[in-house]
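Letters A, B, C, D, E, F and G mark the chains as written, and numbering starts fresh at 1 in each.
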């Protein structure tokens, strides 16, 4: 593994990109994607840093945590998508009211 | 739990429990409600009598409960609290009788009597509070329980009055709270003690802070005691049903405020300490100003209850005036006025209620000749009015006499002038009413009402004003008898000033 | 008897797959046996037993590998050629196989062979997208269909020419 | 039997039993109501037994799987978690009883498993001493809360639920990022282990800030409060009660725990900043509550305001202030739930909760209105309610530490509270005709609201006991009251 | 050999750029879908190469899962998300 | 720096850059469909990243769940969205260009850029020698009943997390059902090729799922990955247009859904009553118990994921 | 390096070449059908060569088996999906490119 925790930096970047999209875009599907991207970013930070010890096997605890996190993410994503569809069904738009920007 | 602990609690419970039960009674069960009300009132009276006897024999009644690790809720019976408790329980009995008669057939009576009982519970609690936090508790409870009574009629005016009342009292309560909390951070105890708990403590060396706290406390209490300029709610609150007005003006709310001022000046700061701080003199000034201002305002009210309300503002300040003048005689006058003003004012309100209920008279200008139609009522009214003016040997005279001599003793001669001016003004707004009622020819719509009863109105409405008028007479005539209010006041003053 | 044979074949197929998956780990069989049985059952329920002519399979595999390599080369050449020599068009090929696994096998194989992509499989016809139409495709497809039929042990009628 | 009772780990029961109940409700929808009531009672028994044990034997840690920190997860049972669990149990029981009447048959079978999940997840959250486990519990709580919010099914509710879900997820992820940094900085996710290792480094503060922001979002601290009013106002009443009374407290509880257990030092700039946010929440929440046209919205804004109070404990930074804040959490849990339940009764009966039209309904539901008013006593902080004790402790702390301006904020808040409580209560005393066509509210619903409200007020009278309980095992940081 | 495998893997990774370009460019939804297909196959190859390079047998299981599941997204696309084709190109 | 390191570094940089670009494009894409496609590509890229940071377990989970199921979920949701949104207008509604909106966006962007820079500095400042819990896990691995450290953590050391996580999954499904589920999609006509694909793949998926489960005891794999593959089988089933028979969607379905959580909880309850620590395995039987729990969990996870994809709500009297 | 290494290297290189060619086709070809040709054929062939290249050096026959299994799965999925996409495209009226 390279000494610079490259993927952790990527993770931080993903977190911020996701957060930006979450704030700026109105469509719920985009927001759900954004949350997923953010989640991947966090997981990357968590995992990359587990692997910094050069010669030892990677720390399995963060990996287990990430698997937990991924399952939680897919569960919430599935629910969020259905919720989005219900919102769209009732309001005609899959967007939250009074969002400031398109 | 022994008797000395149980008795204060029983006195509270004697109105609290009936009150709570009454809430859940259906509107139609009049008999049970009436029975509960009267049972509670009589029980309370009996219990208070037992306690009074005990206090005279030196029994120490105290109930204590830990509220916070360093703070207790204390109910205690000392002479001062007993004075107020007795007044409350006697007048509650009478007012209950009156209210039962007055509210016959009106809606929401379970609600009314429920809150009515709670209101008395709060008043008794205020009276027996053994420290500031207990006082605060019941003081706020009083606010909450009187609000529903004020807005009871549910009209727009009533709701506005209720809102105004809340605005004043809640804000006042907040100031009081800050003051009390502040004190608790400075002193180890908040317990009322003769001579106060401040003198000689470490914190006593911070006069600035103590003056600010004093101002906070008095401002908080002054709202209920209707000190000008904090009196605005009181005239509006007269939209409430007559028994409520009677209770508010004579016993519960304004008296709780005045009583609180007594407690703060004597049992928290201590009169000597307060005088040294220089906080009593401003209080005297405010009281004097209130007396004069409110009397003048009363002159110009055509609405009878409004006139009485301004009269209350003025008269309650006698109490403040008396206790803020440093000196035993004036203090006696102030303290005894708690009882005297209560009796006189309640009689007047009962009468006003009778006029309104029986003949639908609300205005002074409609009262011409009404004494011929309702002689008993107007008789009681006249006694009350004369008492207010200070005609000897009625109750009001006693108070004013002590206040006047007290003022001279305290070398504040100008107060005598205030008293005289006030009496003149009292006369100026009461005498025309009395005159018109007895000596003018009847006019107004009330004449059309046919008299279908043997009495001029229902007996339950007639008995209370008569009884209180008699009491006004009695406490004046028998002022020097043992157990009279005046004697109690002397007793109380002695504990404060020392024999 | 044939039934049992096909069941056995299916179980064997999945057992081998399991064996490969676990890379020969012997201790895995306590878990593997029930799993293989479940998978085989599912497979039998989903795909009814079919005969597979082993000899034909041995012939088909090299044919397929060579032809699909040719397909790869063909498309790579066209893609990399600067002039991009393509002349796409569609043809409709009348199939003789009846709908079922063999027909699907045919369609999928067509997609992997040079220049052809199966586009639609309607009753009786296979629509094929042709990348470059210079060659005679009809006969090629026919021979492919024959091979597939043989693989699955089916005898096909002789194609009726000229129905394109 | 006694031996069994002594060996049973009641703390684990608090998590496992409601989860089993939830699953049972899911598997047998027809018996869901009975199963849920049974579960609620079982939880109550567990919390009572746990209280007895903790009061007698003190705080303890429960190593899940017998591994112990740092390898395994540990549950921590001390005074702080105990009082939170108890408040949850009391409110939970009331909500359970209330919901038995509130939900119609078809929604009912969906509600029960979700509700028991929420309850279990709250218990799990209050017991955990592991910051990653807390993340999972937070997600469980958030998801259950959102699904319950959406149960109302209206466009408003669905939109609010969607917003709530996104905020909740954002909060969890931000928190998780903080957890990741903590883990890598200090090599553990157990609070007790971390307490010994954490130093005041930039990494720690960054991690803590992330965790803080995530939790503040979930707690709806101003200016992260935007999602709360629509969600709490449009959810079904018992759900609103749980959300306002319990769920937002859960994230604040974690914040408190982190602050007590791990954070190495106070930084007055930071805490004062929190105080300012809290004060802003008080003012903003108060103003919005006054302006609200709908009852449930008013109550929701009141929650924002009360959350503001909680954050005043940070700058006050003395033990008394923390006691006050925790007391506020408890009393607010009871009072606010009572308010929402009462509002639910009104909504149930009238079909709307427009404040200006309340007079028609107030006459029919005096008990519900009484519940609202009595709960209001605690919200306003009038004696002898639990709210009063809380306010007393906090004002005292403010004056004692010479930070009188926070006392002013607190008092100002009470005035706001009084204003909006009486704005509603005033309608009980009008003379409007009672409508003839309205649905009768089941008695259990009215009693549940009233009981909670009365409990909130009576809480003021058992303060010494609660105050002693809440510090079992860990004294609050900051100077003690002399 | 390890280096060689890795270099090839890197090369394959680069070819994915073409896939991304197609996904961005479209124009039809099917075209975009094709890029996922490219990703799927190429990633299997990359994983197999990495498995060999690092001697991690587990990565072959990852590739296996890839091979099994890549089809699911494509099928979901064909059966669900493929609305009436709008041949619009926003760029 | 030797050549190997250099190649690896380039490899990682390309992957990382690809991730960032894909995420950015996916989120900023004017068309939702394109966004989803790019997101799926992003997920695939993520799994390569997982492999690169020595997390094959996570790579498996990412592929099975992230790439396989999430993609299908997103695409299915998008198609359903089309029904309720009459035009595609709102999907690719032009980004608002008002001054206020632009200011808001640029403010957000600069703030987040600052956060990103801060995070970068922090990550670089993290202690490089942090050991984590690797040593502790290794020390206790023998007592855990399995030889794969990740599985040991998931099922034993932190089994409580896993229990809660199973419940999150179930809760999500409960949430979907409590929303009333979604209307059943019109059954597209069966396509022979697809039908056959599903028929061939499903047994293979079953077998692979079981394999991953078995592998989990000593190598990357485990209940979640296995469950996800099982779930994918269910998704394929649904996509091929097959209707599950009525009698399997009532109690049978419910029992499958709760099998994992309830076995786990039953175990928890047993430990409580027996006076042990919560979820404490008897050391000798830990291995067998973990496999049993994992089998039940796999069934439940697979069923739940498939049910989440179908999202139609339970087909018995309640909820309909 | 021994002979098998060279064989493997050549096979792998050929495989990667096909992948590259496929991607070029994906970029250059004019419509979805032609791109499908490119993708399906060359990627599958490419993977086939990669699999062969790796199989040469595989540590055991099981690995070879697994590699083949993977390749067969990709073939099956690739061909089927290609068909499905092409079919969908014709049904939805995506026109074919002609000169």
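Operating definition for what follows: contacts are C-beta pairs under 8 Å (C-beta built on N, C-alpha and C of every residue); 3 or more make two chains touch, one makes a residue touch a chain.
Quick caveat: nothing in here was measured; it's all calculated off a predicted structure.
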Would you kindly count the fewest steps from chain C to chain F, each step being a jump to a chain that touches the current one?
1
Chains shared as neighbours by chain B and chain D?
none
Using mean Cα positions as chain centres, tell me which chain lies farthest from chain C.
B
Counting only C-beta pairs in contact, which pair of chains has the most of them?
A-F
Whole-Å distance, C-alpha centre of chain A to that of chain B, is 67
Between chain E and chain F, what's the gap in Å when you average each chain's C-alpha atoms?
19
Note: chain G sits from chain E at a C-alpha centroid distance in Å of 11
Between chain D and chain E, what is the separation of their C-alpha centroids in Å?
47
Send over the residues of chain C in touch with two or more other chains.
17, 21, 23, 107-108, 121
By the touch definition above, chain E meets two or more other chains at residues 16, 19, 33, 35, 40, 57, 64, 68, 70-71, 75, 78, 82
Residues within chain D bordering two or more other chains
132, 136, 139, 143, 146-147, 150, 158, 181, 183-184
Residue positions on chain G within touch of chain E in the complex are 1, 5, 8-9, 12-13, 15-16, 19-20, 22-24, 26-27, 32, 35-36, 39, 43-44, 46-47, 50-51, 54, 57, 63, 66-67, 69-70, 73-74, 77-78, 80-81, 84-85, 88-89, 92-94
Along chain F, where are the residues that touch chain E in the complex?
3-4, 7-8, 10-11, 14-15, 18, 21-22, 25, 30-31, 33-34, 36-38, 40-41, 44-45, 47-48, 51-52, 56, 59-60, 63-64, 67-69, 71-72, 75-76, 78-80, 82, 88, 92, 185, 188, 194, 197, 201, 204-205, 208, 211-212, 215, 219-221, 225, 229, 232, 235-236, 239-241
Of all residues in chain F, which touch chain A in the complex?
5, 8-9, 12-13, 16, 19-20, 23-24, 26-28, 32, 35-36, 39, 42-43, 46, 49-50, 52-55, 57-58, 61-62, 65-66, 69-70, 73-74, 77-78, 80-81, 84-85, 90-91, 93-96, 100-101, 104-105, 108-109, 112-113, 115-116, 119-120, 123-124, 126, 128-134, 137-138, 149-150, 152-154, 157-158, 161-162, 165, 168-169, 171-173, 175-176, 179-182, 222, 224, 301, 305, 308-309, 311
Touch list for chain F against partner chain D, complex:
118-119, 122, 125-127, 130-133, 136-137, 140, 156-161, 164-165, 167-168, 170-172, 174-175, 177-180, 251, 254-255, 257-258, 261-262, 265, 268-269, 271-281, 318-319
Chain F residues touching chain C - in the complex, by the definition given at the top
191-193, 196-200, 202-204, 206-208, 210-211, 213-215, 291
